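Consider the two complexes below, in which chain A is the common component and chain B and chain C are the respective partners.
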Partner chain A sequence: MTTRALEAARNGAAAAPATGHARMKRRAGRWALRGLAGLVFFFIFIPVIFVLWISLFQQQIVSFPPEGYTLRWYENAFARSEFRHGFGLSLQVAFIAMVIGVTSGAAGAYAIVRFRFPGREAFNTLLLGPLVVPGIVAGTSLYVYYIMVENLLDVDFRGTLHGLVLGHILLTIPWTVRLVSASLVGLDRAVEEAAMNLGAGPWTTFRRITLPMMRPGLVAASLFSFIQSFENLELTLLLVGPGRTTLPVAMLNYLEFRIDPTIAAVASVQIVLIGALMLITDRFVKLSRIV
Partner chain B sequence: MSELILDRLRKEYGSFVAVDDVSLRVEEGELVALLGPSGCGKTTTLRMIAGFIEPTAGRITIGGRDVTWDPPYRRDTGMVFQSYALFPHMTVAQNVAFGLEMRKVPRAEAETRVRRALDLVRLGHLAARLPRQLSGGQQQRVALARALVVNPGVFLLDEPLSNLDAKLRLEVRVEIRELQKRLGLTTVFVTHDQEEALTLADRLVVMDHGVVQQVGTPEELYESPANLFVAGFIGRSNVLRGRLAERGRFISKGGLALAVPADGMAPGEAALALRPERIGVAPGASDGGVVGRVALVTYLGAATEYRVTLDGGETITASVPTPRPGDPLKLVSAGDAVTLTWPAESCRLLAPGPGATPDEGGL
Partner chain C sequence: MATAATTAARPAGRRAEAFSLGPFLLVPASLLVVAFLAAPLVVLFRYSFNRYSPREFMIDAFTLENYARFFTDAYFIGVLATTVQVAAVCTLVSLLFAYPLAYLMARTESRWKSALVIAVVFPLMVGNVVRAAGWMAVLGNEGIVNHLMLSLGIVSQPVRLMYTPFAVYVGIIAVVLPYMILTLQSVIEGIGRDVEEAAANLGAGPMTTFRRVLLPLSLPGVIAGGTLVFILCMNAYATPVLLGGPQFKMMAPALYDQFTRTTNWPFGAALAFILMTSTLVLTIVGTTVLSRRMHHRKLEAAPR
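What follows is the complex of A and B.
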């Protein structure tokens, strides 16, 4: 055997365990990652699963194990007018707030991304502001502000639908601005230039090219705006009036006097509704690509 | 199709001059390439022709009409973008039909023209696809069809081949040239690739720092570059610095006395440009040529390059057809003495000024 062959043999012998070791390390890393991901999913979904489960428990006082299963808490939930009306009002407010909020938020995002004007950065921060202010603080401020405006204009705001909607629009703006900005920033300007080059004026270019390309961002913004408004409790607490409560506030009121699986039933309806909305949206626009 | 005239076109950004008084006349049916390194102002010039950038001064005329201040959508140009810029939410057919729709062409006629345009680029069978379902080369051809279907007065191409792989680039290049000739398109083509420009264009405009360095046919630019920049950018050149002692006699900094064409420059400081492929190489030192030692032999297949260091310290690269086996040149390797010869008329005397090539001295 030549020296070179000897050397090669020695290297080979030394190399084999090294690669085996590296492969083992890589495999261990992959399993650790999967384990961690599983753990995260578990923590995210366990409360949801428990809510859905508890809503079917037989006994009034929630305890484990369940004594049996029943649908009567759902019956109770639908029978109670505060939940029916709350659900209706929440849908109504969320829808109006979404339409107005997404329209104006998208216009703001367009201005921020496309134009250079003094105070642009400040404007951007301002529109993201509601995300930073705690709901209770925002609600209190709005309450005080509404009193001032009521005194000044002699128009009711507290406890009215328009007062509630105005407050909820604040919730939808930051989401819309973020999501629509992102879709605008990623838009190749050459595509708009190509349209103009082919004879489209600025308005036609916007309507036929820019707007359709913004669609994924707009759809995602609408979805998140709707959810933000629909689930909001803190800010809403201070804006609702007698006989005009949203679903989350109605749930809180109910909880003050009794604890039974009715609340879980109401929450389950909410979870199913929002889950369905997300699934339907995802069919048209891949949410994982935008958010 | 119409003639395009740029008259002292200028673009300034603050104190930075991006395009410095560019004047150019593109004849009907002519293909002119704007060529230069990135940042030389070629793309800015093209975008001013299309109307996406307002010039600081100067005039743009298309087919006799002054369009300098017209918005892009009122100019008669068809542009192909580097990124293709297809409308992602429209099918191939809708993309191509867009320009006709904007011109309010009746539906039946539009359909015929779209079909014809797609057939022209051999994409008729993909009319119903979305752009993202196409390969890069196919997207490129859709962009071509979309720009051509409206019969633009001027056809503009912004580095249309730079996103394609090497093989496809060659194919599309030929295709563009054929289309352009067949349809007699007045065309401006922007590229940084000199080979692309040389093979495609009727005439080339070489730009650097916003200034036109030279305008001419590929042959004119290659054979008689106007300055050191062009000599180094179009093809390759050996550059020797020195002075013209008298008409017909050049003395390099390394002390080499060379016969040069007697016409042109007055005696004084000068630079000499010499194409590597005009130089002959013979093994051994002999009279009647420039003697040096081989520093490096590079085999390139059909040609072989010899990098030769002269006695004065200067370096000259010669490119000769690869010697056949048995040729004494075949045995020459680094360290051997060789004799370089070239006809005096191959030497090009240039102003010594800046614009030096990056390969100063020996490529």
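What follows is the complex of A and C.
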């Protein structure tokens, strides 16, 4: 409240020497700035809005204006096995990759932030490495690597659940290390010291003090890991197999031929799922403070 | 420093135990990254020196002919040139578009601020394929843009917007804008409001304040955002494939084709490393030029 009043006073003071003409010009400039910002905001939302809108169109061939509205394309999308199975597989892969990636990544972040040992920086770089390698390069290298390992060991990797999960863990580790490290760095150690002084052992201190304080970082890491895996296309493209396709790959294959309300319905399901996850997470952890 | 002090204050026994066990927490994550990122990259790099034979597929060799082929083949040079051009243009345009919104988001005291941040993050999270689908509905012959232009009488025939470079530019800019906005916003937030007010009180107009104060101070954000966005553009896959059509080739789709259509692994592997190296070199060059300019300006300003 006071800051805002102060702000207004300051702005007033700054604007006071300006003549009426200059003030008008400044005000016009401010509105132009706002208008431009609004347009940019609208621009990044256009694709999302249109996907949601055309998924409800009556007619099968997308044209404007709509002839009416219906929900039958959602039924149609669900009836297509590639989308139903793709959705299921994507959920499965994203969940398992999230659990493994967040657990191992959080442990790594804990070691990097809390301990001093030679090569600490190198380990940090290594764990953030998957962010630097382009998805398509990581995907093709995993593809040739899986074929090599398959020939050596006689175990299938391409087109299997474990093959996909092992690849997708790469997407989750760097996000986890970044978000959990950030939350650990800002953590007040005095609280842990206090617990120890009050007689808590290292394990109790970790479980009752450190872990709850790491919670925001862990929740955010889980959310971003899950989404990164769920929506991934590039890394996944070559690792899927016949009958085992993730949702984004199934959508890409369909979109290479046509855009219609059915695929828009599939995309809308993804939009709603991710939006819901973000909103639910935001209830527990303020996302705007993390990203 | 504070950490060192607190560690030293701890009982010796516990400290020794923590030191011996702590770093081992890194083992699972590191093993995963080494086994499923580093090792595959090493294998791919080795393959890039192999020889391709249509009959025998891949022959173990140690040759540079795949790299040589790239730099002597006009088609692939063209693909790299297109990629760099798209990346450069999209980086610049997104910088121009992102700045006003980032500035307002950094300066606003509205209670909707966190909602705004989440709203910018959201399109980024729904995935490139979904957004490409949206642009297909907007830009197609029957899309909303053509519908509006036809009904307003601006054109009499639908204009071809899909499967053109224009569609790719639009799609990629929309994909990378949120990254640019968030990076710039966090840097502008760190610049005190008082600096701008001081400039205004000393008689600088908004444009002068922007050019002489805000822009130089936010240059680190411009560099960070520009680097991130440039890398993302160089590696774009879904957007050029879906919005550019088969005629429009960028590096990532071309590389993918080598593994699926022509199954020329050695050449595809070489493409992967050419893509990564050119991205790295261009990013370093761009960053150096910009930060030197920043440094130069500081020196220029100092004696006054």
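Some notes on this structure:
Just so it is clear, the second predicted complex is superposed on the first by the 249 of 291 C-alpha atoms of A that agree within 3 Å, B and C clash if a C-alpha of one lies under 4 Å from a C-alpha of the other, contacts with A are read in each partner's own complex, and residues count from 1 in each chain.
To be clear about the criterion, a residue touches a chain if its C-beta (ideal position, glycine included) is under 8 Å from a C-beta of that chain, and two chains touch if they have at least 3 such contacts.
All of these numbers come straight from a predicted model, not from anything done at the bench.
Within the superposed three-chain model, A:T204 lies in touch with chain B and out of touch with chain C [touch as defined at top].
With both structures placed on the common chain, the touch criterion links A:F64 to chain C but leaves chain B unconnected. Shared-chain residue A:A97: touches no atom of chain B or chain C.
Put simply, more of the residues of chain A are touched by C, taking chain B and chain C as the two choices. Legend: residue contacts after superposition of the two complexes on their common chain; A:A195 is shown touching chain B, with no touch to chain C. When the two structures are aligned on the shared chain, A:V240 is found in touch with neither chain B nor chain C.
Legend: residue contacts after superposition of the two complexes on their common chain; A:V137 is shown touching chain C, with no touch to chain B. By the document's definition of touching, of the two partners only chain B reaches A:M213; chain C does not. Shared contact residues of chain A with chain B and chain C: 193.
By the touch rule above, chain A contacts chain C in their complex via residues 3-4, 7, 10, 14, 22, 26, 29, 33-34, 36-37, 40-41, 43-51, 54, 61-65, 100, 103-105, 107-108, 110-112, 114-115, 117, 123, 126-127, 129-130, 133-138, 140-145, 148, 166-167, 169-170, 173, 177, 189, 193, 202, 227, 230-231, 233-234, 237-238, 248, 251-252, 255-256, 259, 263-264, 267, 270-271, 274-275, 278, 282, 286-289, 291. Interface residues of chain B facing chain A in the complex, by the touch rule stated above, are 50-52, 71-74, 77-79, 81-83, 85-89, 98-99, 102-103, 146-147, 150. Across the interface of their complex, chain A is touched by residues 2-3, 6, 9, 14, 17-19, 22-26, 28-30, 32-34, 36-41, 43-44, 47, 97-98, 100-101, 103-104, 109, 113-115, 117-123, 125-138, 140, 142-144, 147-148, 174, 177-178, 181-182, 197, 200-201, 205-206, 231, 234-235, 237-238, 241-242, 252, 255-256, 259-260, 265, 268-269, 272, 275-276, 279 of chain C.
Chain A meets chain B in the complex at residues 188, 190-191, 193-201, 204, 208-209, 212-213, 215.
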